[in-house]
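One structure is given below, encoded as structure tokens.
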Amino acid sequence: MQEAVKNRGREEQGAGERVRVQREDFDPGRELDMLARGATDIGAVVSFTGVVRDLPGTLHYMEIEHYPAMTAPAIEAMVAEAVGRWRLGACRVIHRYGRLKPGERIMMVATAAPHRVAAFEAAQFLMDYLKSRAPFWKKEVAAEGARWVEARDADEDALKRW
Amino acid sequence: MQEAVKNRGREEQGAGERVRVQREDFDPGRELDMLARGATDIGAVVSFTGVVRDLPGTLHYMEIEHYPAMTAPAIEAMVAEAVGRWRLGACRVIHRYGRLKPGERIMMVATAAPHRVAAFEAAQFLMDYLKSRAPFWKKEVAAEGARWVEARDADEDALKRW
Amino acid sequence: MIEVVYFAWVRERIGLPRERVETTARTVAELVEELKAREERYALAFSDLSALRVAVDQELTGFDASLAGAREVAFFPPMTGG
Amino acid sequence: MIEVVYFAWVRERIGLPRERVETTARTVAELVEELKAREERYALAFSDLSALRVAVDQELTGFDASLAGAREVAFFPPMTGG
């Protein structure tokens, strides 16, 4: 009962769900705080945050397109697999879409587990799957023109280790 | 010049150093914010936070002892190796000592790199080395009595992959 | 009737994000052949299937997948999330 | 004169955190033998060297390390940080 009240309190703040696909930015520190709260037997928390790079310094913005009907369910399936396989105490995935400028956060994965190896592996598994199996497409709009980011063979290969 | 002013501003807040050994708690969200700030060519930020576990529910507190003259220099050497080997854009290690209760944060590692694989590997490298090569010793004080946490063979083995 | 959805450069080449298609295709591959026969822009978008991915009713699948009972088919390039 | 420092259960068994030691030992191993000869609590603390680690002037090293020019030697169990 107390747990139910706690969860309701979280959802009212709009941050209770373990998968979120949104246009708005998020606060990694707040997500980490929420993640551990209420969870038991956690010794290790790992987070990954993806940021828009601008190596040559000519990127105007990145446009991220996604497949709304599929995105959250596809990520939720990945999270369910990670939680079961590494017995995670808590897990969170947030991915943004829309127009993002250099330096802006794109997405975040956070995992909590009793030990460090499980938390690290689960976060890497989720990143590898998000990269190649979640329906997002990135377009870079730069001074030189616009181009769709191409998938790399290395990203597809990364899935083989799981 | 502008960079120098920015760095001075950070140090005044006491959070500019990339290695900190302290009794006080820290704020992971603030550390992640500071890490990326001012750094260039960062696409990936990975963090690890260690938390005091209390699996059987009988732990009163954990007492962490360290070797003050050696701790920060030893960690700084690990950080220097990680930064060079994975070409990190930024890196932070914070480790607490003293008396910590269940659920309290023990330490944090954060790495920032152009790509996710480098950021993940560097964070795991640092965790593996901190576990077995940084001069910290943990004592668990529980209802049943006090005992020094023993090093595990698996932790020593983990170093071999680097 | 089936809802056909396009993303990223597939959407740009075909020139629209989604359309309702009257079809008798039994598989995704047959649907692709029907679409290619329509107009040059479809033929162009579907010219190299190895550069495309497909989802039927929001589940990733292959081009040999059946369309029996399917309501939505989506075509897009390999994903680049994360 | 050399500063000898103890941590964790080594400190607890010997009963003090540090002490200044007058020694002619040329290696860590010779220093350990001198200390073990002193009293039972030292013999106990150093009874299994495989359970101990040593640092000379704050650098991890082995028991065969030279003490030439050394100012501080630390004895402790395997570390358990992180």
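The chains carry the letters A, B, C and D, assigned in the order they are written, with residues numbered from 1 in each.
What we mean here is this: a residue touches a chain if its C-beta (ideal position, glycine included) is under 8 Å from a C-beta of that chain, and two chains touch if they have at least 3 such contacts.
Keep in mind it's a predicted model, so treat the numbers as computed, not measured.
Participant: By mean C-alpha position, what chain is farthest away from chain B?
Facilitator: C
Participant: Once you find the CA centre of chain B and the CA centre of chain C, what distance in Å lies between them?
Facilitator: 48
Participant: Report the inter-chain centroid distance for chain B and chain D in whole angstrom, where each centroid is the mean of the CA atoms.
Facilitator: One centre to the other, that is 27 Å.
Participant: Where does chain A touch two or more other chains at once, residue-wise?
Facilitator: 50, 116, 127
Participant: Two-or-more-chain contact residues of chain C, please, as numbers and ranges.
Facilitator: In chain C, residues 82 touch at least two other chains, as defined above.
Participant: Line, ring, star, complete or other: which one describes how these chains touch?
Facilitator: line
Participant: Could you run through all the chain pairs that touch each other?
Facilitator: So, checking each combination of chains, I get A-B, A-C, B-D as the touching pairs.
Participant: Provide the residue numbers of chain B that touch chain D in the complex, in ascending order.
Facilitator: 50, 65-67, 69-70, 73-74, 95, 106-107, 127, 130-139, 148-151, 156
Participant: Considering only the defined contacts, which chain B positions touch chain A in the complex?
Facilitator: Chain B residues touching chain A: 27-30, 32-33, 36, 41-53, 55, 103, 114, 116, 119-120, 123-124, 127.
Participant: What does chain D use to touch chain B in their complex?
Facilitator: 5, 7-9, 55, 58, 60, 72, 74, 76-82
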